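Order as written gives the chain letters A, B, C, D, E, F, G and H; numbering starts at 1 within each chain.
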Amino acid sequence: MRHEVLFSGFGGQGVILSAVILGRAAALYGNKYAVQTQVYGPEARGGASMSADVIDDEPILYPKVTSPDIYVIMSQQGFDKYGSDVPDDALMLVDSELVLSRPECTCIEIPATTEAKENLGRVIVANIVMLGALVAATGVVSEDAIERAVLDSVPKGTEDLNLRALHRGFELGRKK
Amino acid sequence: MRHEVLFSGFGGQGVILSAVILGRAAALYGNKYAVQTQVYGPEARGGASMSADVIDDEPILYPKVTSPDIYVIMSQQGFDKYGSDVPDDALMLVDSELVLSRPECTCIEIPATTEAKENLGRVIVANIVMLGALVAATGVVSEDAIERAVLDSVPKGTEDLNLRALHRGFELGRKK
Amino acid sequence: MSTRVFEKWYREDRLPHIFCTGCGNGTVMNCAIKAVDTMQWEIDDTIFISGIGCSSRAPGYITTDSLHTTHGRALTFATGVKMANPDLNVVVFTGDGDLSAIGGNHFIHACRRNIDMTVICMNNMIYGMTGGQGSPCTPVGKISTTTPYGATEPTFDLAGLAVAAGANHVARWTSYHTKELTKAIETGLSTEGLSFIEAMVQCPTAYGRRNKLRTVTDMVEWMRTHSILLQKARRMEAEGKSIPEDFFTVGEFIHRQRPAMGVKR
Amino acid sequence: MSTRVFEKWYREDRLPHIFCTGCGNGTVMNCAIKAVDTMQWEIDDTIFISGIGCSSRAPGYITTDSLHTTHGRALTFATGVKMANPDLNVVVFTGDGDLSAIGGNHFIHACRRNIDMTVICMNNMIYGMTGGQGSPCTPVGKISTTTPYGATEPTFDLAGLAVAAGANHVARWTSYHTKELTKAIETGLSTEGLSFIEAMVQCPTAYGRRNKLRTVTDMVEWMRTHSILLQKARRMEAEGKSIPEDFFTVGEFIHRQRPAMGVKR
Amino acid sequence: MQGNRACCEGALAAGCNFFGGYPITPSTEIAELMALKLPKTGGTFIQMEDELASMGSIIGASWTGARAMTATSGPGFSLMMENIGYAVMTETPCVVVNIQRGGPSTGQPTMSAQGDMMQCRFGSHGDMATIAVVPSTVQEMYELTAKAFNLADRFRVPTFVMSDETIGHMREKIVIPEKIDIVPRKPLEEGKLPFEADEDGVPGFAQFGSGHRVHVTGLTHDERGYPDTTDPDVHEKLVKRLYNKVESKRHEIADYDAVNTDAETVFITYGPCARTVRQVLHDHPNEEIGHLNLRIVWPFPEDTMKLFPNAKTFIVPELNLGQMVREVARHTTGEKVVSMPKIGGHIHTPDELYRAVEAEK
Amino acid sequence: MQGNRACCEGALAAGCNFFGGYPITPSTEIAELMALKLPKTGGTFIQMEDELASMGSIIGASWTGARAMTATSGPGFSLMMENIGYAVMTETPCVVVNIQRGGPSTGQPTMSAQGDMMQCRFGSHGDMATIAVVPSTVQEMYELTAKAFNLADRFRVPTFVMSDETIGHMREKIVIPEKIDIVPRKPLEEGKLPFEADEDGVPGFAQFGSGHRVHVTGLTHDERGYPDTTDPDVHEKLVKRLYNKVESKRHEIADYDAVNTDAETVFITYGPCARTVRQVLHDHPNEEIGHLNLRIVWPFPEDTMKLFPNAKTFIVPELNLGQMVREVARHTTGEKVVSMPKIGGHIHTPDELYRAVEAEK
Amino acid sequence: MKLKIDEQRCKGCNLCTTVCPYNIFQEGRKLNERGIIVPILDRPQRCTNCRLRHLYGRQLCGACQMICPDQAIYWVEEDPYSEESVVIEF
Amino acid sequence: MKLKIDEQRCKGCNLCTTVCPYNIFQEGRKLNERGIIVPILDRPQRCTNCRLRHLYGRQLCGACQMICPDQAIYWVEEDPYSEESVVIEF
């Protein structure tokens, strides 16, 4: 089955990395095909950036998302740009503190940034928390796969922090 | 009638200027049409350069020379390149000292360089001597026209020298 | 009535600008605007020109006519503007990459011609806009994405180059030294001929992050503590002492009256 | 058996070259060839590279592998050659226009990187090949086809620029000073890093003719009488005397050991 | 008068008051004459450090309101490509003269060619449309250069004079018109945004120093001139407008001669080759040989070919390996298209072309 | 693996040992990876001062025998044009990667486009022929980059990898072949002149430092490599050879997929648009829709269109205002040619393309 | 005079906190809806500018304003009847 | 040793005439077929190189050869039985 996952947030939140990790999990550890793409502006920080994965059991022809079934929204600007006319049957995870609006579709609120800052000590891992929640809530890849992909992708020395963030994400995602 | 005049010599002899002056004489003072063109290499001195005038009573369409009826050759290299297969009915003026070969067609020998150096004191006006001889020998433009064109074209302060060269050319040309 | 920084010089409708949190470029803009304002230049007679880079985005936030050109070529456009209409005041914003990598030739020629304008280079020792590649000003040993093992190429001394090439006024300060920088720009604006102001700035995103200057304040602090007054450096040199490796000099390098081009009629 | 000048280094089948009567470029070639020969460099390990201009035609007359490139870009090709194979000896011939007008950026960057090669600039203060337009080295007041009323733009001091940009060895002589020039090139060849040798040359056709130096000998004589030894100039400066306007300094400007790139392995 | 001189005189007659250039054979006489003349007319001549700088300088000058021009040849033209694209994107009027010589690369600096015709259209990255005039006589060099300034100002695009060594260095008599029409650029109207186009697709010009406070950028921008580089609609709207403001007017812009429109064999020319064809027509007055000579080749006026309803064969002689013939081939529907390439520095002789006609009989 | 990374890996697998570059979005990752990898494999990475210098450096390196490459995007590509012409004239093998972004000018630095396709062919002055490969998947980015090196060496021309932001920044899994064929350049044979071509039109390579004592110049030159800039025959012989050594081999060089060759409606694509068409074919398996995808677009393999004998309509979707469609139009004889331009940064959706098919029914 | 930080512009770099001689700017704690932690003001009445601007009729100190890279720091005339003397603008 | 000027190369600049300490080179008078006036040699036996080269086994003086921009000046071994000691090569 073709899944289209769209991530959006402001530059610096790591939404591109999220999609890269998810794609990696699917392609290398999930026995699926995955294509990761993005749209980003010139801003290194700030501005709305978007990143997406197409995940499928068959080889992927058209590589871009057309109608995502899963949204991960980490900023209000991101919501305004990508999240405002989501189809009813989609699923959206939002960073509950940074996104004020809520969509028509099923919505899972994850206080990822607060969690990252207050319980994990580094805002920077908010995206990993979201990723954990996403996987737990949707099963689009297995928890094991995402764990291995996270470990592949994060800087040496931060594995522990990121794993903790991911697991915290699993918990938050499962709860919902 | 269409006349095609071809000048050749080594760079620095002023063969391009010769053609410019002749063209000017025809177009501005001779009530004719004239087009002047050239072929020259990268060398500021040395190397064979070529310059030509098409002179006609009608407007000139094709601007290049195809079969010149008049040749003015001022170097052996120039002869080798442009003067070796001249049609029989053409006329050629050669600088008698610098060109060793002679063509099949009518040939007028003008010791222009020697003349310029020895009697006029400046090698540089050899081309003007040739120009005078050319006009005197062929009447392709009037002596008056060429005189005015020479005066237009030479640096201030050298008018006298150039006129003397031209007149010497007339004499040398008429003799033949 | 509120008092923003020289409000009338900023395009309110474009702020906040795209610079990262704590990027020194914004501070340098403040200093330049303050200097221009002090000169009592008119908005409508003043042109800001830039190339491409983070730093080169600055003119887009200023109310005057402005020209955001191609990478490295700002000074050629500026030369056209100023030579075609010397009555306009011309200020150029540029980055170390824009000015000294791709734009190096125009830099030395503008200095040589000594065209009457002020060139402000925001030197963050890196290519910021493209995400942190080494520039001709990246210090030896520092990490960038194209010098993953530490930079090895010798670097340019931009101020020194400007002096050798012929600029009439050359100074270097940092975004920490707002007062001195403002003053140096002001002197530049009032000098006939080309004035070159090198403003060292922090780039936390593309430079600091990779070079153990994690926070904005770390980088500013580094600039504060590693800059050494030109006079002092010269004194040290005279005394045969060498200036420590990663220190840089600040101050006025030259102020002279060589013949200039494009001076107001 | 005849003794031509270092016969084996010249392509007999291409001589005479296209330089005008009395052009100084031919003399500079002799000096360079003599220096290379003295170094006992092998023809097959030595590469001559140039841009576009009369001066840049020089490599075409030399027996080694040679690269006659695009206008101003010789140093970029040379950088590629030397960085790809540091075992080759690289010598660049260039002109004042090629090096300092269109090629100025590559000039300062090659000096900055201090790439291990020798750059010989035949400075005739004019664009010779294109018939005598002003160059960044045409002295103020002199006539060229694009400065018909006398040049007004301030000029470059090429040697000074090379020093500021970082070259390890910088010297200036003229085509009159064949011995000194040869020696300076030799020192250049044996210096690690970039050596820049500025050779002032007469261009009777495009420069002399328009600037009251009618004959070849006039121009050579002018160079002989208007060059002033660097040491003397410095002494004069120290004594507060100024160097007369149309004099230029000759000698060795710098010789140092900054880190270099592309040095033989 | 020499072709290159006629180019200068035409430019000056059209009010050119800024020249930024760099010498290169065979265009150099243009810079040299400008250096002589502009200071006398209060204009500015500046010899820049290279062609990238020349192009930059004329764009800068143009924004101050100057009628600005540069002149170059192949290698220099290649170096101008980035800034030409910038002029297109920022709608900066300017005139670029290319006196073509033999390429590729340094090639044949003193010989004639038309090898840069496609480059003139496609040499800069991205999609764009510009205007190119091509003179076939010294007289036309004068007139078309002047016209180039008007076209550049009217459409706010860089406009090219794509001549060649043959015409540039040819000398022939010209008649200087008493007066050249100068059509100045349309100023920005009060209340309009600086990049808000009027009906003709062209916005009014917000000259620097006149209070419009315009921001000019080569980035994709909205009507205010502000960058917006990720919105596809903004980009599409802008780039399509820039393209269509020229391309949609191609037949209005067109400038050509069509002779013997009933002919079956038709020459299509631009530049010096026109003269050879005229000679052929002159020498063979009884034969029906058609001739379409284009004085403006870009935008390519494809409909002009329809002026020859009986055409069976189009013969396209060019001083290159076949460039504009590609456009002819693209737009023909069944007619035979014969490319007559010629390189090396000389133009075709009348004989060569006449033989081509005979071959079609 | 990211597309840009696949480009590096392909290059390294093909023996690339010199990279001279200058950063520019969206190609920068290529330089960054080369900076990381080349020093470890004994190769040379150098970040040059600009793109003119990058191009110069790889040509210089190539003459020492290196497999040399640079990578850039539109604005930088424009700056390389002069030296690209030099590489053509001097027959210097090298690989130039252009990860295209939205133009003209600075345009949309982070968005995808294919606006430089014609520039790649016509961007330098004078007549010339070069080779361009275009990947549509990350896998092809790897394979075609490697292939580009072989083509460059075999034909001694600059060879372009004309990719775009979409493929450059896309990540997907690739299968790294066990071994990449490396076809080295043919060395100059004893007794032959350095620019004396063999039967295939390509001369043996006189590598610097190996005793051939070759003079290399961008001027028109004879077989010895000596300049001869006024003889038309020397020029014609040289430039025609340089052109024909590539153009005459266009069908041998061609690399493409032709699917559903009986179809009446046929898509012609290159690069990412191929994927959209494949999706359309996948989603509408019962309809006869043809698809010709070109992996090598220059020289343009015009005969490949003949593989679709029933074709009534060719539809050409491109991320530009219609560039390669010009080539298609030039070579069709009666078939309808539909251009489907798209600019702004996104690729066509399958829907858009399917609608185009339906419109042809 | 009231010292203000424009929350729409401030990016939370905390340069102001390093330059104010009175430490009026303090690192903030709460993310705003733009995801930014704006500094908070500690007794801004102490600011030289707030206190003395009217007296001297010109900008005083202003170090924070000059260094603020985001043009986020400014002053407004105080409403004479306002109770609060410092406002953070939302 | 015999001093020679290669007429196929010499362009007649007369730089040799200015540098030779013995004034061995003299301005020529006659145009050759290339249109060039080649200098003539005045008692070239006096040349340091001609006289002493064999003695010291290396190039002596050579100023004319170094400055000659056209690589036209050279020496040949003298034919022991030759009568003329200087030849102008045509």
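The rule we apply is simple: a contact is a pair of C-beta atoms (placed from the backbone, for glycine too) under 8 Å apart; a residue touches a chain by one contact, two chains touch by 3 or more.
Note that this is a predicted model, so its numbers are computed, not measured.
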Worksheet item: In the chain contact graph, what is the shortest path length, in steps, from chain C to chain G?
Response: 1
Fill in: Distance between the centres, which are taken as Cα means, of chain H and chain E, whole angstrom
56
Practice prompt. List the centre-to-centre spacing of chain B and chain E in whole Å, with centres computed as mean CA coordinates.
Written response: 36
Discussion item. Just the number, please: Cα centre separation of chain D and chain E in whole Å.
Written reply: 39
Worksheet item: chain B: which residues touch two or more other chains?
Response: 39-42, 45-46
Discussion item. Can you list every residue of chain E that touches 2 or more other chains, as numbers and ranges?
Written reply: 25, 49-50, 52, 75, 82, 86, 105-106, 109-111, 217-219, 229-230, 345-346
Worksheet item: Out of chain C, which residues touch more than one other chain, so two or more?
Response: 16, 20-21, 70, 101-102, 104-105, 109, 129, 131, 136
Worksheet entry | Chain pairs in mutual contact under the definition given at the outset | A-C, A-E, A-F, A-G, B-D, B-E, B-F, B-H, C-D, C-E, C-F, C-G, D-E, D-F, D-H, E-F
Discussion item. Give the list of chain D residues in touch with chain H in this complex.
Written reply: 1-5, 10, 15-17, 19-27, 29-31, 34, 175-176, 178-179, 182, 216-217, 220-221
Discussion item. With touch defined as at the start, can you tell me which chain C residues reach chain E in the complex?
Written reply: 11, 14, 43-45, 47, 49, 59-60, 63-70, 73, 75-85, 87-88, 105-106, 109
Item to complete: Could you pull out which chain B residues touch chain F in their complex?
Response: 39-42
Worksheet item: In their complex, what parts of chain B are in touch with chain D?
Response: 12, 42-47
Worksheet entry | Residues on chain D engaged by chain C in the complex (per definition of touch) | 101-105, 108-109, 112-114, 136, 140, 152-157, 160-161, 163-166, 258-259, 261
